[in-house]
Structures are given as structure tokens and as C-alpha cells.
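Below is a structure I'd like to ask you about.
Naming follows writing order (A, B, C and D), and every chain is counted from residue 1.
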Amino acid sequence: DNGGGDSNGNGADSAEAGSLVLYSGRNEELIQPLIDQFEEESGIEVSVRYGDTAELAAQLIEEGQATPADVFLAQDAGALGAVAQEGLFAELDQELLVQVPEIYRDNGNSWVGLSGRLRTLIYNTDLVEESELPETVAELTGPEYAGRVGIAPTNASFQAFVTGFRISEGDQTAQQWLSDLAGNDPQYRDRNGPIVSDVIDGALEMGLVNHYYLYAQAAERGVEPEELPAANHLFGDGDIGALMNVTGAGVFDAQNQGAVDLLEYLLSEEGQQYFVEETAEYAMVEGFEAPAGLPPLQELDVPDIDLNQLEDLETTIQMITEAGLAG
Amino acid sequence: MQLTGISHRYGAHQVLHNVTLECPAGTATAIVGPSGSGKTTLLRTAAGFLTPSQGQVMLDGTDITSRPAHRRSIGLVSQDGALFPHLSVGRNIGFGLPRGQRGGSRIGELLDLVSLPADYADRRPDQLSGGQRQRVALARALGRRPQIILLDEPFSALDAGLRERTRKAVQKVLRSTGTTALLVTHDQDEALSFADSVAVIQEGTLRQAGAPENIYNLPADLATARFLGEAVVLEGQVSAGWAECALGRVPLRNESPTGFVHLLLRPEQIEVTEPEQGILGLVLDADYFGHDTTAVVRLHGSQEEIRVRQLNTQPLEPGETIGLRVTGAAVAYPPGGH
Amino acid sequence: MAALACLTTGVALLPLFYLGVRAAQYPAADFLAAVFSERSARLATASLALTAVVTVLCLVIGVGLAVLVTRTTLPGRRSLAVAAALPLAIPSYVAAFGWQSMNHLVSPGTTFEGFFAATVVITSVTYPYVFLPAAAALLRVDPAQEEAARALGRGPVNTFFSVTVRQAAPAITSGGLLCAIYVIADFGAVSILRVDTFTRAVFTSFSMGFDRLGGIALSSVLLVLTMVVLVVEGRFRRTSTRYATVGSGAAAPAMRLSIGRWAAPALILAWGTVLTALAVPGAALAYWAYRGVSTPGSLAEVGGAFMNSLWVAALGGAATTALAIPLAVYIARRPSRLARSLERLAYLAHSLPGVVVGLSVVMLGISVLTGLYQSMWLLVLAYCTLMLPLALGPAVAAALSAPPELEEAARALGKPTLIAYLRITLPLMAPGIGSGFLLVMLTVVKELPATLMLRPTGFDTLATRLWTYTGNESFAAAAPFAVLLVMLAAIPAWLMISRLLKEEK
Amino acid sequence: MQLTGISHRYGAHQVLHNVTLECPAGTATAIVGPSGSGKTTLLRTAAGFLTPSQGQVMLDGTDITSRPAHRRSIGLVSQDGALFPHLSVGRNIGFGLPRGQRGGSRIGELLDLVSLPADYADRRPDQLSGGQRQRVALARALGRRPQIILLDEPFSALDAGLRERTRKAVQKVLRSTGTTALLVTHDQDEALSFADSVAVIQEGTLRQAGAPENIYNLPADLATARFLGEAVVLEGQVSAGWAECALGRVPLRNESPTGFVHLLLRPEQIEVTEPEQGILGLVLDADYFGHDTTAVVRLHGSQEEIRVRQLNTQPLEPGETIGLRVTGAAVAYPPGGH
């Protein structure tokens, strides 16, 4: 049977109110305050194990049925897909699931999206005219963008995006695009953060990133996002460039009420509001504002793909590598 | 302690060949032999640091060949002292002592035994001279009052006076405690005067063992004879217990078949006289040694060259012609030896 | 003793066992395809090239600095010694980050990445792995032999290379080996500086591909690479050679070369190297702290993380050292084929990425040591596995320079072998053991992947805090942790070098 | 080479006091002295490994006190050999040779010089016995043909035969190359036979230096006398160049004021005779040394005890009464010495 609260290592008083173990691939800074609120309201004690999303997924798969975890919170749908594929998640209640649009949750009902992170092209507003910006991500391989675009090909978000590209356009096209991109002298960074900060500092003109990095940088620099000489540019028309990846969660034992309560709380008004305000992400439940300067969720023209499939990264990585964009 | 049929090889190189040696309890045995003959190796076998390829080490009738070193009640003074560099002299000596004695006066006593002042206890080994190091090693080994003590050239860095003083002090301690001692030395005089019994090793083989006088006066072969002191070897003809040689007719100390032999005399048996009172010889070369002079003399008539020792009351000079006369008896060896 | 040594190595080999189990689950054809691909060949070449270049540079810088501080009359040797040890305290990911952001500041628009950048950054934080043991060994060399060489007409420089360095060789090569294996296993710097190495590929498989088995297949190639390095190193060293002579020890103070007119260039070169290694990441830290507004956590949070780091580092250091000592004595005293193999194997595990080691300990904790899972003990076990060679290298070098005759002397004084080791060999090895312990502590403080995976839930160290804040771009909040991390790691580095210099007098 | 006014202290401990010693080019000087008297320290000063607190080292008239060791053309065999453990015997010896000679036959020659077979060149130092190590160190130092060679007890681990052989071989090499040698030894015999001049050091002070015969026959004081060999010291009354003592009337070798003196005789000057032919004595104790026996004898009448050496043709036994007769002259010292 699935290890619930009873089998976890530190469940000293897992009695009535209960306690649960959460594996969180989300940064502690971003999620802990919400967990604290949940603990206060429910009386359930949550011990959180923070880690890198992918490494936690690997750890969960290694732990298998014996895992002490009750809930897995990931910041990437692919990781959830990988754990789901091992059959470790318990099926979630329809009641909980229906709150979230179908494309932002598992069609096997094993996990649900909690917040959304949109792919955008960040650009420096001083260096780049709006008119110079591309309509589709495919255009970035054109000669006019040579040497101007920052990418982080080794980063999970880029790879999830390429996987999405493959799913929607086919492997052939994706491969072609990647090698064209590689031939267009892209500016490599290790992660999204440096791309954004370089765009703000003018060291880079534009770069493929997730939308919320701009807000995080603004917060770190103590200014409003609008005051920065940078903006997010959205690809439209269902272009794969505007892929919406999600953070999400699944539980390991459907019987564990505390775990389900936690998910419910994260999808509740308080939870969703927190994501919008604190991390500048999209809420998954209807009726919340979009992050400043971006259109609301319903108006987004995001490509329609099965996020579970983002798990299939093996081919993606191979393609990125073969294109010469690094391993 | 008994060593029975000990053989040892380092890799392909056989160093000890079937050595059997008995050291009765309470006695002192000296092992002498040329450099590289296997003395240290034999001692390390007795101490338990080397397991012999063959043979047994027996103690009081029990086979201890494979008993670990620390359970043999054996003290060892190794050739290089092996003082612990991180401990003071006092703590080096105290190392083997029972806990209660480490602080007390015992360390001072032991230092005194080897003629070192008590305040040396606080020195570090690297602040000692070569001879002082050797003496500390000796004091350390004696401190434990082991049943058997193995001494590998323990006096080699000491000058004659100190060496004798230390040797006597050690001898006294060993006698009073009834300790069995096994002394390796390259100093024949030391071996002969220190030990109740002397064993001569050459090229890994035990050539002879026995009381010092026996070994000196009746060496098993000429090589042993040469090793134990200077030897004058002459060719001779034996008949009826007497030998005829370039120094005249000399009595024999051992039984010998008649015919051609090599005769062994000791230089001190050859007295220098006025030329007319003995057999004539020409001094070729003379080495001055303080108390005596050793001269190489060519015998008149036979062309044989011998070494003669003369006390320095009348020094010899090269070129001088002297007379020679033999006192005492010679030892005869069949030809073919060397 | 052999049994104890095997046991010790066994602990270090747990991850290899895991690799075996997991690799066996992998379809053979896929395994072969993953391992024998063109990409593998390319990555392997890059890994080995980077390893070779960095190791050579580390040897040059490390030995050079060690010589300057221990064997010359260079003014200000002590401060140089302390400063030269400090870069070891900087995690490679912090250094790479620092270099990169300083580069952006200084010459915006240019990039700082690739083979050359990685060489500079990794060398700047790994050369102390050579410097520290080399300095220790140079101070231990028997001056009597140097005197003999001088009396045979060799000048000070010639004597130094033909006698002194040769005596210090076991320590220097083991330091070089640590560097080499560090480079092979390093992920932080190469990923930031974008050099395609094998470890980076392993990480990519794990972290982005959720491809455990693929990662494991690639890890096995890492082991092969490491074996190549070990074989190369083996050619330079014969463990069985005796370096110790009785009557040595610290007979006379080490001889110093009078540096004379070379003082100025030497000072510039040495301080230039050391300061560059220290100042670039340091300036970056200061810049982040200054630029950001995110607030560092409360004093309690910082203090707690500091104490936790100290605690795991001490535990990890103690446990690893305890495992290393019997193995080191065995290797030094019974130089057999078995001993040599055990030593090699101990180094092997060190070349595996932290994730692989972490996962293997997870497997162990889940299936065997269930009671200990996510407790401190399994974390310490993982540290032992990862850090064993750090403790082993200096300990073996120290055991080799303690003359075995002294153990015999102790046994002849009625002490059993074990007591002889404890009272004679161990004190003589103490400097080496101490260096090893401090080196492990220092590396534990910096370690991240295994710590994240195995720490007790809710247990935060400086490294995990730093990871949390940098992951969120909260550099100002991260800065105090980074500074503390470097400071905490600097304490062992400082202790080590100051003890060395004290020994010298 | 000249050492002028050398003083040295280790910390608070003064080890050498104003030692002045001249070693003319091409000669051999032996330094003897008790253990811990400062011999090694003096040698290390000459070699350039110690800078003396005071005094100068001069070579061919130039002050080389602060010239570094390797530029002194000085060879050194240190007391513990200091072979390089990481090099084979051959490469140890080759270490000081010019590059061209390292491969050739020179190493074999040098090994032969110290009586080691040529195939030892491939051994590692830890595969040698103590004496073999010492000989390799010697070969290594000689190989370079230095202008001056400093030898710190280079023969101490060798047996008498080998020691003499090696010493002679070394002497021959040194003579043929005109090398200046400075030999530290604790073996008085060795000092007296090897050197052209002997220097006696005691407690860091140079007591006497001069030709071996002078030193042995006319020691500067009784301590030096005792150090250079066994001494028989008796009380006596001097008048007109003769002394009256318990052994009768003996001539004097040195000028001496009349009155009470201490007389020095060497044991070999005292001849053992039949009781009726000399002054009576009672043998208290006898030590057997192979070629001779040293006996402690109480003189009849005076109760003084003296040591007598008798060649072993007629061994002495404790309890025996013997006659004693003096040959040659005594040396007189004013009272107050020891």
C-alpha cells in the first residue's frame, strides 16, 4: 500500500489532526508562507522537503512504494509526468480536478496544475523596437536575429518548450528549427535568470525565458517591473512559443485526507491569489487577475498539448545536443 | 631460547641457511659476522618481526615462531635506535614501563645507567648526538626488564671508554635480573668479553658457536679464525703432533693428520726478538695503533708475509730486520680451506 | 587489517554497487548505444582534456605556492600561505557565477564561457588540493637527505627537484589525483560555463530527462574515465616505495632557498594568482549583496544554518577520517595488490556526481537501513562515500613517512600491534590525518546535491540556504550565506595552514 | 682548511667553545672525543650546514663561513648515511657524479672500493644491512672526488676486518687524489692509524691536536690520556727526572717539577712476570679479549689498583699473584688534574 502519514520517518504525532510530508520542487521562498497558512488553518503539520524538481522526481522513483512522501509539488509538468508514469500517484477526485482547465492537468487524473508559467521573449525596450519582435518563435532563426537572442538550452524550461515544439510541430520541424537556431549565433546562458538580468542590464537584446523572471528581478532590484528597461513579448496565435507549463502536485495516497486538503487549499482562493501576487504566475482557477502587463489566462492563445508528454525529454535532449546547442 | 633450523629469504635472495642456535636462560650470547651476513635478520626473526621461511623459535620449550612480537617478553635495541621522534627522551624510555613508574625516579635511574644526565629526559630525540640516541634506545629496552633482550650493535656509536662503561653497566643489570641476552656486534673484542657464548655467522650460515676461548683458540675454519682476530697463516708439515713451518717447529693444539696443512697462529703468539735470537724477518710496513704496532713482516727464506703485533714500547720501523719466535701452540687445518 | 580495510572501501563502494544493480536493469542494447556513441566519445574527450589541463595547472600552481611558502625566504610567507588555502572554500558554482557576473560588469557584451573559462575557474578553486598536501609534505622531508645532496655538489634548486620534491611526491600526486577527480566530477562550474563534459551529460539525463537509467549508464563511463586517470597516476607513483627513514623526523629545520632578487616577480606572481582566485568571486558576492534588496533571513535562520553546516561537516569529517585511517595504514604497511586496488576503488566513488551517490544511498535507506532513512546517519554515510579519498590521500602520505621500525620498537616494548599503531603511528600521522579531516569538513560544507537528497526533512545548511535563495534570484538574501559558507570553509583552510607553519618552527 | 675560533650553541646550550683547528691540504685529520662532545656539530659547521655563532671557516685562505654547502667542494658522509630512499644504490652513488659517468663502470668501481658486489647497484637502500648502507654512503661521497671530505664515523657499523680493508682503500684513494680528510671517529685506534694528525675534543673544547704518536705518548692532560687508550695512573714523587712510585723507579718522558705528581703509564708498558721477578700484585678481575686479557691488579703494599694487559699466551686468572715490571718511561702531571 502507499506509504501515507503513518509510514513517514518523523510522524511523531500523526494521530488526529495528522501530519504530512511534502516533497517540494518549488523554491522554499515561494511556497513556505502558503504552507504556513495551511498549517494554521487546518491544524495539520506539514514537513517539507525542498529539492530540485527533477532530483526529487528521481528520488521518488527510487523510493517507489516505500516513499515517506504524501504530496509531491513540482515546478514542471514533465517531472509530474515521470512520477505518474511509474504509477506512484493516487487518482485524484473529480471535484478537485474540475476547477482546473483540462489542458493544465493530467488526463489520467493523477496530478493537477496549480499555477502557470508562460514562455515569453523578454527584450530590452531601449535596444529593441517593438516592431522588430517576431510573431512566432520560429522566426528567431532569421538573419535579423543573428547574435541577438539569449537561450538557456540546458535549462529545464527550454527543454520542456522544445518538447512542446516537437509535440505540436513534429520532430522533423523541431530538429530543423534547432539546428537553424544553433547556426544563428544564439547567446547561451546557463539559466533563465542570467538571461533576464543581462537583458535588463543591456548586455543582451532579447531572450527566451518564462514570464515571471522579470517580476522576480524587479523585486530583487526593488523596483516595479514597468520601471525596468525590459518587457515580456508574447507569441500569439497558438504559437508554441507561448507554451504554458505548470507547477502542479499529486498525492500518493487518496485515503490521506490531509494530503487532499493541502491540494484543495492550494487551489482555493487564498492559494491561487498567493501565486498571482507573490510569484507573478498565472492562477489555474478562473477568476484571478493575470500578472501585471500580461493578458488574462482565458485570453491567452496557448498551444494545446498534453503536458504529460513533456516528460518525454530523452529525444528532446538528443535533438538539442545534435543541433549543437549543448547537452 | 632456541632457534632451530632458521632459514630466511628476501625475495629470491636467501639470507639465512638453516641456523640453529641455543641461548640458555640467563646467559649472554654474542652473534658476530661480517657486514651483510644476516645478523640483523636473525635477530628480527627472534624478535618476531620476520617469520622465517623455515625453522622454529622456541622459548622455554614452547614454539613461539608465530607468536606476535609484543607477547614474547623480548626487548630489542635495533641497529638504528628507532627512537619515537614525537616523544621526549623521558617518554621514550617510559613507553615500555608500567604506568606507575613513568613519572618516578626510574627514568632517571635508567638514564644514569647509560651515563646520561637526568635532565636529558626533557630533550627531543633530534636534539641528541648519535651516541646519545643509541644510549637512550638502550635505556628504553632495559627499562621493561624483559625476559630476553636482543641487542643489535647497541654500542657501535660509543667511544671505547664509554662503551666499556656502558657494557659493564648493562652486563650487571642483565646478570642481576637473570636476563637472557643476544648481542649482535661487529666488534670481536666486545663479543669475546661480553658473552658466555659466541656464535659466528658467515653468509647466512652458522659457522661455529661456543665459549669465547674455544672459538678464539680453536676456530672451526680459517675464515672464522680470520674473522675473530688477526690471523697468521703459514704452510706447514705435520708429523707426530708437531708442525714444521717457516717459523720453526711448533706444537699443535688440535688433532691433525700428518702431511701438508695450514697453520694458524695469532699475532700475539709471535714474539719479536733481537735478530740473532729468532727466525729472521724484514719489516715491510707498520701501522701505529697507540698501544701497539701491527707490522707486515716478510720471513727470511720462505717469502711468506705475516702480520706481527708488537707493543709500542719498542716500535717497529719499515726496513728493519727483526727476529721472530713463536710462543704456544698452533692450530692445523687441512689444505683446501682458505 | 585487510578485513577492516575492505570494510572501509566497501562503504565507499556502495554507489558502485548501486550502479551495477541499476545498470543491470537497463536493456543491454540501449546501454551500449548510450555508452558507445559519438557523443560519449566527444564528452569523454572534453572531460579528459579539461581534467588534464586543470590538473597540470593545479600541480604547477599548487606546488609552486607550496615551495614559496615552505622553502623560500619570501617576505610575508605566512599570509601568502593562509590566503593561498582560502580559494578551496569557494564552491565551484559560486566561483563560476562570480567570474561570469564580474565579466558582464567589466566587459558587457562579451561572454565568459567555454573551455578556457572553465579551466580558469576550476583551477582557481582546486589548486589548494595540491597546495595543502604539498606544503605539508615539503615541511616533513628529512633535511639530512637534502644535506647529503648539497654535500654531493648539487645546488639548492637541483637538490630541491632531485631530492625534496621526490620525497614529497606521494603527497603531491595524491593532491593532483584529487584535482583530476574533482574536475571529472564537477558539475557546478562546467554547467554555468557551458563546457560539455561527461558529468554535465549525466546531470542532464537525471535532471532534465528524468532518465535515471540513462544517467547511470553515463555514470559508468565516468568511472572508466576515472580509471584512466588512476592508471595514469599509478605510473607516477609506487606506493610500496619507502620514503621514511629512522632518525629523520624533524631533525633540523627545513632548508630554505634564499629568494633574493626573485622576490618581486615571485610576490607578484603568487599574490596575483591567489588574489585573482579570491577576489573575483568575492567581488561578485559583494556586488550581489549591494545590488539586491531581498532581505537576508533572520539571524536565527542564518545562525541555525551555520551551526548545522558546522555539525554535519564535523560529523562527516570525523566519520570519513575514521574510515580512512585503517585503510591508509593498510595501504602504507601492506603494499599488496589488494591494497592498491582498494585505494583505487576508494578514489573511484569520488568521481561520481553527488546525485548518483545520493540516489544510491536512497536505495540503501529505502530497502536496507529503513530506520535510518532521512536521518543524519545516512547523510554522513554519503559524505564518507564522496569524500573518502580526501581523507585517504593525506593519511596515506603521512603513514608512508612514519617509519615502520618505530612500530616494531613499540611492539618490542610489549605493546600489541594495535596499541603500537595508536600510540606511535597515529601521532606521527596526525598532521596528515588532520589535513584530511579538515579537507573533508571543507568539502562537506560546500556539498549540495547529496545534502539536498539525504538531509533530514527540514534540515538546512548554508549550502542548501544558498541554493534556495539563488534559485529565486534573491542574491542579496543569498549573500550572507555565501559569505558565511566561505568563512566557515575558510576556518579549516586556515587551521590547516597555520598548523603547518607552526610545525615548521 | 682552517677552522678558527668556532663556537656554536643550540638555543641556550653551548656546544662548541672557540675551537681552532688546521687541516693542511692533502692531510687526514681525525677528530676524536666522547659521545656528545660536539664532533658532529663541528663537522656540520665545516660542511656549511650550520653557521657557527662565532668563528670562521677558511679554505685556501678565503673565508667561506657563509658560502653555501654545495659550492664548497666538500664531501660528507653523515653519521646515519642519509641515503636517498627513493633511489637505487647505483643511482645514489651516481647522484654526485657528472652525468657522463653515471652509467659507466665508475659505479662498479666505487662499489668495489667499499667491498660490495657490483650487482648491489640495483638494490634499494632499505634492502641493505646497516653496514652495507654505511658503505654505500661512503662510496657516494668518494665518487665526486671532492677537495675535502668530511667523514662522520664512516666505519662504525663495520667489523674489524672489513673496517680495516675499507679504511685502507679509502686512505689510498684519498692519498692518490690529494684529498684533505676530516674524520670523526670514536675509535681511538682508527684515529691514531688513519690520520696524520689527531684532534681531541672534550665538552666542546679542543684539548689537544698533533701527530698521533705525540698525542698518545704525551697527552695534554690525564682526561685526554684516558680517552686515547687505557691509562694506568699512579701517584709518585719526582726527583731529578725520575719518579718513585708503587711500581718502583721509572724514568720520565716529560719535564716536570720535583715533588708529588700523577704518573701516566700505558698498560702495555707493564709487563707481567713471575711473582719473584717484579713488584707483587693480586689479580682481582680479568676480562678476556681474544688476543689479550685485561686484568685489574691490586698492588702489594700501596693498595692502588691498576689495569694490566697481558697477551693471551698466558691468561691471567682472578686470585692469582703475579709480578709486575715497567718498561719505558712515564708521563708526569701536576696534581689537581684527574
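As a working rule, contacts are C-beta pairs under 8 Å (C-beta built on N, C-alpha and C of every residue); 3 or more make two chains touch, one makes a residue touch a chain.
In UniProt terms the chains read B, D = ABC-type quaternary amine transporter; C = ABC transporter permease subunit.
In this text the structure is predicted, and so the values were computed from the model without any measurement.
Student: Give the chain pair, either B-C or A-C, that is connected by more C-beta contacts.
Tutor: Of the two interfaces, A-C and B-C, more C-beta pairs touch across A-C.
Student: Would you kindly tell me how far, in whole Å, the mean C-alpha position of chain C lies from that of chain A?
Tutor: Their C-alpha centroids are separated by 36 Å.
Student: So the centre of each chain is just the mean of its C-alpha atoms; given that, what is the distance between chain B and chain C in Å?
Tutor: 54
Student: Where the centres are mean C-alpha positions, what is the separation of chain B from chain D, in Å?
Tutor: 20
Student: Could you put a whole-Å number on the gap between the CA centroids of chain A and chain B?
Tutor: 89
Student: So which stretches of chain A touch two or more other chains?
Tutor: Within chain A, no residue contacts more than one other chain.
Student: Going by the touch rule set out above, which residues of chain C reach two or more other chains?
Tutor: Touching at least two other chains: 247, 252.
Student: Where in chain B do residues touch two or more other chains at once?
Tutor: 80
Student: Would you mind giving me the full set of chain pairs in touch?
Tutor: A-C, B-C, B-D, C-D
Student: Under the definition above, what is the set of chain C residues touching chain B in their complex?
Tutor: Spelled out, the residues of chain C in touch with chain B are 246-252, 403, 405-406, 408-417, 419-420, 423-424, 427-428.
Student: Inside the complex, what are the residues of chain B that reach chain D?
Tutor: Per the touch definition, chain B meets chain D at residues 10, 32-36, 39-40, 79-80, 127-132, 135, 152-153, 156-163, 186-189, 192-193, 212-213, 216, 226-230, 266-269, 287-292, 309, 311-313, 327-328.
Student: Quick one: which bits of chain A touch chain C in the complex? Just the residue numbers, please.
Tutor: Those in contact with chain C are residues 9-10, 21, 27-30, 47-52, 54-55, 57-59, 61-64, 66-68, 78-79, 82, 154-156, 159, 187-188, 190, 193-194, 197-198, 201-203, 213, 216-217, 219-222, 311, 313-314, 317, 321, 326-327.
Student: Quick check: in the complex, which residue numbers of chain B touch chain C?
Tutor: Going through chain B, the ones touching chain C are 44, 47-49, 68-71, 73-76, 78, 80-86, 95-96, 125-126, 133, 137, 140-141, 144, 146, 150.
Student: Looking at the complex, which residues from chain C come into contact with chain D?
Tutor: 142, 144-145, 147-156, 159, 162-163, 166-167, 169, 241-245, 247, 252
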